[in-house]
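Heads up, the thing below is written out as structure tokens.
As written, the chains take the letters A, B, C and D, and residue 1 is the first residue of each chain.
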Amino acid sequence: MNLSLETIEDVLLVRMRGELDLETAAKFRVLVEEALDHRPGLKHLILDVSGLSFIDSSGLGAILGRYRQFAERGGRVFVVGVQPGVGRLLELSGLFRVVEVAATAEEALARVQGEVGSVDG
Amino acid sequence: MNLSLETIEDVLLVRMRGELDLETAAKFRVLVEEALDHRPGLKHLILDVSGLSFIDSSGLGAILGRYRQFAERGGRVFVVGVQPGVGRLLELSGLFRVVEVAATAEEALARVQGEVGSVDG
Amino acid sequence: MGEEEPVNRFSLTFPSLAPNVSFARSTVAAFASQLDQFTLEDIEDIRIAVSEVVSNVVIHAYPKGAGPVRVEASLYHDRVEVVVADNGCGIADVEKAKEPAFTTLPGERMGLGLTFVQAYMDRVEITSRPGEGTRVFMVKRPGSGVSKGQLPEG
Amino acid sequence: MGEEEPVNRFSLTFPSLAPNVSFARSTVAAFASQLDQFTLEDIEDIRIAVSEVVSNVVIHAYPKGAGPVRVEASLYHDRVEVVVADNGCGIADVEKAKEPAFTTLPGERMGLGLTFVQAYMDRVEITSRPGEGTRVFMVKRPGSGVSKGQLPEG
């Protein structure tokens, strides 16, 4: 599992490559928690799962856990780049009903930043 | 292991993809023997190993066995598209000293057919 | 299943450590791939099921530290049978454990592990005795990706 | 090696059938990959060594039909130890068997299997009793791809 984190204003963008299971979900949780500690202003989360080749219920639980964390701060959570294999588990688990879905990280970012614009305007 | 066989005049061209070990070496031997049964005029052998991701001593033994078979008929045997991993075993086993090596199947074919031309001319 | 002999089989034991979840699912997947009829999706279903069941042993079976996990697989001409067994704490109520969203460890557990196993395998039998351990027996047949109806055997 | 505990281990048994050669090497490779320090070339070396030793059991150990193969691996912070054992016919002269080009089955066997094992692993110990079986113990350390000198342990 390869995780890369990037912050764009109040958005945390996490790109995942490899397999998200019991072992790697723990790494994912720790890295996101560290990012929140260092940048308490973070509000929204975008998970790019296009490079994810495997996920199971432990991986889904870790995504749900992060969803709860960002929802508590009033943020939005996007899952982007969903491939069919990962998609059927997001579907079966009901996660698709709680997170937002976008094709790419750019699209998700535009939607988050557009929202801020329209609230302001 | 995926094996594709092609005949060009008196040349048998075998393209190998995957892993050449004890199990797949047996398939390789059987397919080449069938080709020789159907086309007794076959004289030369070109093995394209560019798609080979693994080889061990059983795989090398199968190549040596085919080398002997074609050498007995007075033919030439080429190994083409050798990748580093496969190359070090061809080296260590001494197989590089018996077979001919070419970069591509086309080059090997030109060398075999060039030889025929120069003998005739 | 009577006296039918498998064409191949293996038996594997390892400690209930998180990195072995991935090890177990890739081992069973590599073994099951010997049956050519399995599609890539079938193999993916098997990977998920093994991942869930072995994760359960790692998380639930041995609350005091790692213990042994046994994975056995038998390959037949028309299916693979997989057993994952532990000598851990056992499950108090197996029927409840199989329900979607039931978990004894809330937090980040979703209670979907055994639900996925039932969705992706053709047959699942869980036997457990509190204090003695748990055994999950699973069958996967080629091309069964979607359906999970009753099987004519057993 | 004293009383040092491995960080992880597995024990695997399967019948000596040709398709299990690939199964065994991919299983050991997946397990050894848990040690991050192993390079891709180290893992490739391990794959070749396991392939050779398991092939030997399939070809030589049980002349009358398939028998059991046991593969065990232990992962330490600085190495993996692999054992491949059978209860087969055994090797009459282990020193001879280790020589390059020595084979009791000419034809397409090159007698290079145990030569490769010695070239690619850092330490190899073969113990065998005719009529009782053979045990090959191998150690691989990260980044040892080329050298195969004496190890300070043992």
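Note that contacts are C-beta pairs under 8 Å (C-beta built on N, C-alpha and C of every residue); 3 or more make two chains touch, one makes a residue touch a chain.
Owing to the predicted nature of the structure, the values given are computational and were not obtained by experimental measurement.
Peer 1: Identify the chains adjacent to both chain B and chain D in the sense defined at the top.
Peer 2: Looking at chain D and chain B together, no chain touches each of them.
Peer 1: With chain centres taken as the means of their Cα atoms, state the distance from chain C to chain D in Å.
Peer 2: 29
Peer 1: Can you compute the centre-to-centre distance for chain A and chain B, using the mean CA position of each chain? Integer Å is fine.
Peer 2: 51
Peer 1: Please tell me the distance, in whole Å, between the geometric centres of chain B and chain C computed from their C-alpha atoms.
Peer 2: About 43 Å separates the centre of chain B from that of chain C.
Peer 1: Two or more other chains in contact with one residue: find those residues in chain C.
Peer 2: Chain C, residues with two or more chain partners: 19, 22.
Peer 1: Give me the residue numbers in chain B that touch at least two other chains, ranges are fine.
Peer 2: In chain B, nothing touches at least two other chains.
Peer 1: Once the touch criterion is applied, which pairs of chains come out as touching?
Peer 2: A-C, B-D, C-D
Peer 1: Mind pulling up the chain D residues that touch chain C in the complex?
Peer 2: 8-15, 17, 19-20, 22-23, 26-27, 30-31, 34
Peer 1: Going by the contact rule at the top, pick out the chain D residues touching chain B in the complex.
Peer 2: 18-19, 21-22, 44, 47-48, 51-52, 55, 58-59, 107-110, 112-113, 115-116, 119
Peer 1: In their complex, what parts of chain B are in touch with chain D?
Peer 2: Checking each residue of chain B against chain D gives 19, 21-23, 25-26, 29, 54, 56-58, 60-62, 64-65, 85, 89, 92-93.
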